[in-house]
Amino acid sequence: MEKRYCTLESNSPVAPGVYRMTLSSDQDLRHRCGQFVEVAVPEKFLRRPLSVSLSQADRLTLLYKVVGGGTAALAALQPGAGLDLLTGLGNGFDIEACRNAALLIGGGIGAAPLHQLCRDLRAAGRQVTVLLGFNTASEILLRDELEALGATVHVATADGSKGIHGLVTDALQQVRPTFDYAYVCGPMPMMRALYPLLSETSEFSLEERMGCGTGLCFGCTIQTTEGPRRICHEGPVFKKNLLPW
Amino acid sequence: MEKRYCTLESNSPVAPGVYRMTLSSDQDLRHRCGQFVEVAVPEKFLRRPLSVSLSQADRLTLLYKVVGGGTAALAALQPGAGLDLLTGLGNGFDIEACRNAALLIGGGIGAAPLHQLCRDLRAAGRQVTVLLGFNTASEILLRDELEALGATVHVATADGSKGIHGLVTDALQQVRPTFDYAYVCGPMPMMRALYPLLSETSEFSLEERMGCGTGLCFGCTIQTTEGPRRICHEGPVFKKNLLPW
Amino acid sequence: MVNDTSVTLAGIRLQNPVIPASGTFGFGFEMAGCFDLNRLGAISLKGTTLEPRFGNPTPRIAECSGGLLNAVGLQNPGIDALVSDIAPRVRALCKTPLIANISGFSLDEYGICCEKADQCEALDFVEVNISCPNVHQGGMVFGTDPKAAAAVTRRARKATSKPLFIKLSPNVTDIVPIARACEEEGADGLTLINTLLGMRIDIRRRRPVLANRTGGFSGPALLPIALRFVNQVAKACRIPLIGCGGVASAEDVIEMMMAGATAVQVGSASLHDPLACPAIIDQLPKVMEQLGIEHLKDIIGIV
Amino acid sequence: MVNDTSVTLAGIRLQNPVIPASGTFGFGFEMAGCFDLNRLGAISLKGTTLEPRFGNPTPRIAECSGGLLNAVGLQNPGIDALVSDIAPRVRALCKTPLIANISGFSLDEYGICCEKADQCEALDFVEVNISCPNVHQGGMVFGTDPKAAAAVTRRARKATSKPLFIKLSPNVTDIVPIARACEEEGADGLTLINTLLGMRIDIRRRRPVLANRTGGFSGPALLPIALRFVNQVAKACRIPLIGCGGVASAEDVIEMMMAGATAVQVGSASLHDPLACPAIIDQLPKVMEQLGIEHLKDIIGIV
């Protein structure tokens, strides 16, 4: 955990209600893929947890969906604004766990952390297949970016307006990708539906309302096969065998 | 009372700890001299009452001293910032009450509203003498502005570093100005000291911690010879005979 | 969509549930020049006692994170001025239902004030405040004990046939027996909550900020506390509730109604923005639309 | 100037009065990599019960204006894990005095936990929490009645010779008899306050935000309420008080001490900024300088 004051470089919509925010700092902003940050929001007491979509030495990209007052306040910020962040939170994805070919599955805004995951897996020489699920064509995120990294990307839309008609579970059964390890991030119902379809060599990035994001408050606890664990501190990424679903 | 969203045009120190702020709006910002505004301050629940130092059609000048968190937050605002104001509050000075020659007495930041008062009295053809009291030379406010309006200005400093050595009460006894009506604004001890030295043809602008500034909360009440009065609503300017000091 | 904001409170129809809270909207005249008072659901007038009162010395106000402390101490011109002068003058300005907010230092004072309010045609509701934390010899003591609350309600009930609301204090261990006692003695409804007792210290001057030492905390931060009390009492009583505490937006009004309130008072929000009530009333139909609420009264107590 | 920040709490010297509050600083390890725990005045560890507890279902957190609601519900690994594993591990990381925060659902549970804490060398203080609003079958009931508070204190006093603090609830009509009862039964001091019971509703989903329906309100807006309780109890009792509620700055620490606290706990502020405690400790000497305070202990209860 580090406290970082960042400058907002850009903040603009990339899909209906979804924004991409880039931040810079004169301090180190590198993250492991799958880690998250806690952003202080004007007029709110609690910070808002957002996954790192991409990080470099002095640069951070977040992808977020406006769902309430906090994210709406973020969306209203103008380039040049200063932001107060807690960085380097959570465990992140285990890229070592994949030996050859990775499968990445993202649903909606859950696609956000898959960007850096894909970059880092490709840099480590892994093959990457990505399944992305959205409600409709206009909501599709990150497809071009992931393809540019050399991943094979399949998109499913619930209304069939683009790609495979259906959910990511449908896509999984249709595409039948080869992989030795799977990484999943998305809404809870999606993850629960994928759970029985994936073997033990998989991991899931979870979400819960957070009080602190730093392990102090026990606000974000889930029950695991090894006892209670804080999503923010021992997660947000949990190996499949830890999840008692 | 009007609600006005203004743009901060300038905001810079004019004496140690004292700032001049100018605001503009595309709506009417004219005030009677001696009226005040209630400024919404970032991160504070209550607005802060500040006297109008000068107002024109679309422009407002405030002069304020940093004494706590609210005024410190105002001092930190940059030109271009938006400000939410309640304007046109309070009764203001009674310029009709003066027939020929006015005496204006201000102490410290209490000099602020005397600027427009002096302008309006001069525009009405009155002679104006001003006595201003400060702790020390570096704190002197508005002397040049008032002289430029054709007023005779006498400054007293408590440490004798400029002008008359002493308080405004000393200045009053030394200068012995001719006037038919006096207007007083400054710290409570100064006003109480002047009270017995002035005849009934005088008025005093009072201050109290305010909850609303608009007469709703009864937070700012003083006892007068005619019963309880709200400084924000029936004041802030009270004729001498109303003050039971 | 219909967007019907009306509610019925103890038999009286309010065109919307938004009521300026007592003590935060003066005597009703102050804003008459700024917006049409007819737009309000009702108006709760400044708390009134038998005798005129100056109230507490100043400072009476202290800023806090999320709100303020006040120790006004029931400044008011007395019940006779209310019924003979103030209420009729407000009535002449608007048709909005008017609520007399009554305080006292003895059962008799409460009783006499309610009798006088009862005789005043301009007044539509009587709201008996047994929860003022800012006066020393009484007020809140009546609101912290079920027996005392019952006694005041009984006396007030005898004194008036107008709809009678008792305004309760949050400074209690268990509000339910107090609320039930008021209900049993014939109150038509309850207003909850009044302010939480608090204190601030001026660390430079090393003394309390308020001349009265302590004051009542109100403002946005009170909302979760008020919601809890409203929900708790809604589950325990059948009479209608007026929810009060921290309400500052149309969403807050809806949250308070879902917790169990039939109408909602807006207090401190008007101190920051004297146009808060009409702004909330403007927003209500839009927020109802977003949430798929046709008739506001349908959401009362659904949580 | 001297700028001596040390205070003595029930005979134990703290280099400064700043203590992370129970439940808002994990088990003490979490921040060990971020700052030197030796800088803290003391550490109050996460509330512990006899048996391990998962706590309440999620969501356990709801944002509010001026703070938050929590309904963690005393998640903890049980007293045995605390005394045999956790406390010794924190002790190995720092010399800071450690406070065991104990909750229970019966007198016996409180008693057994205090006995076990008493035997643990790594623990310096025992803080008995009789004010948790988030567990159903107990907790707060002990803190809302002087007799029950006396009984818990008596049992805990028998169980431990370590400095014993009882943590009181603000959800009471009158805290003084409760505080006095604890003092009479031999408590070495009191911690006040715990959270205020509150509720939020998700108006879109039409249900409470918290799975537990209600939760405890904490955060900056609690400060004036806590100051009032601390000042009230400081006037009524002789034992030292740990002030808690809304403290987020060095100025707040000083305000709390002027109200009557010998030491000060910082809770929710650490949730927004996990470095809040060291930041406050850094600021303290500067603010003392500005206010002309040489020895912090000289201002305890001066208002």
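For reference, chains read A, B, C and D in written order, and residue numbers begin at 1 within each chain.
In this section, a contact is a pair of C-beta atoms (placed from the backbone, for glycine too) under 8 Å apart; a residue touches a chain by one contact, two chains touch by 3 or more.
Fair warning: this is a prediction, and the values are worked out from it, not measured in the lab.
Q: If you average the Cα atoms per chain, which one ends up farthest from chain A?
A: B
Q: Please compute the C-alpha centroid of chain B, do the same for chain D, then give the distance between them in whole Å.
A: Taking the average C-alpha coordinate of chain B and of chain D, the gap between them is 47 Å.
Q: Would you mind pulling out the distance in Å between where the CA atoms of chain A average out and where those of chain B do?
A: Each chain reduced to its C-alpha mean, chain A and chain B end up 56 Å apart.
Q: Determine the centre-to-centre distance between chain A and chain D, using the mean Cα coordinates as centres, and give it in whole Å.
A: The answer is 36 Å.
Q: For chain D, jot down the residues that touch at least 2 other chains.
A: 62, 64-67, 219-220
Q: Draw the chains as points, connect those that touch, then say whether the picture is a line, ring, star, complete or other.
A: Chain contacts: open path, no cycle.
Q: Identify every two-chain combination in which the chains touch.
A: Listed by label, chains in contact pair as A-D, B-C, C-D.
Q: Within their complex, state which residues of chain C touch chain D.
A: Those in contact with chain D are residues 62, 64-67, 69, 144, 171-174, 196-201, 203-204, 206-208, 214, 217, 219-221, 223-225, 227-228, 231, 246, 248, 251, 254-255, 258-259, 291, 299, 302-303.
Q: Chain C touches which residues of chain B in the complex?
A: Those residues of chain B that touch chain C are 1, 3, 40, 44-47, 70, 86, 208-212, 214-223, 228, 233.
Q: Show which residues of chain C lie in contact with chain B when the two form their complex.
A: Checking each residue of chain C against chain B gives 23-26, 30-31, 33-34, 46, 54-55, 58-68, 70, 72, 75, 219-220, 268, 270-275.
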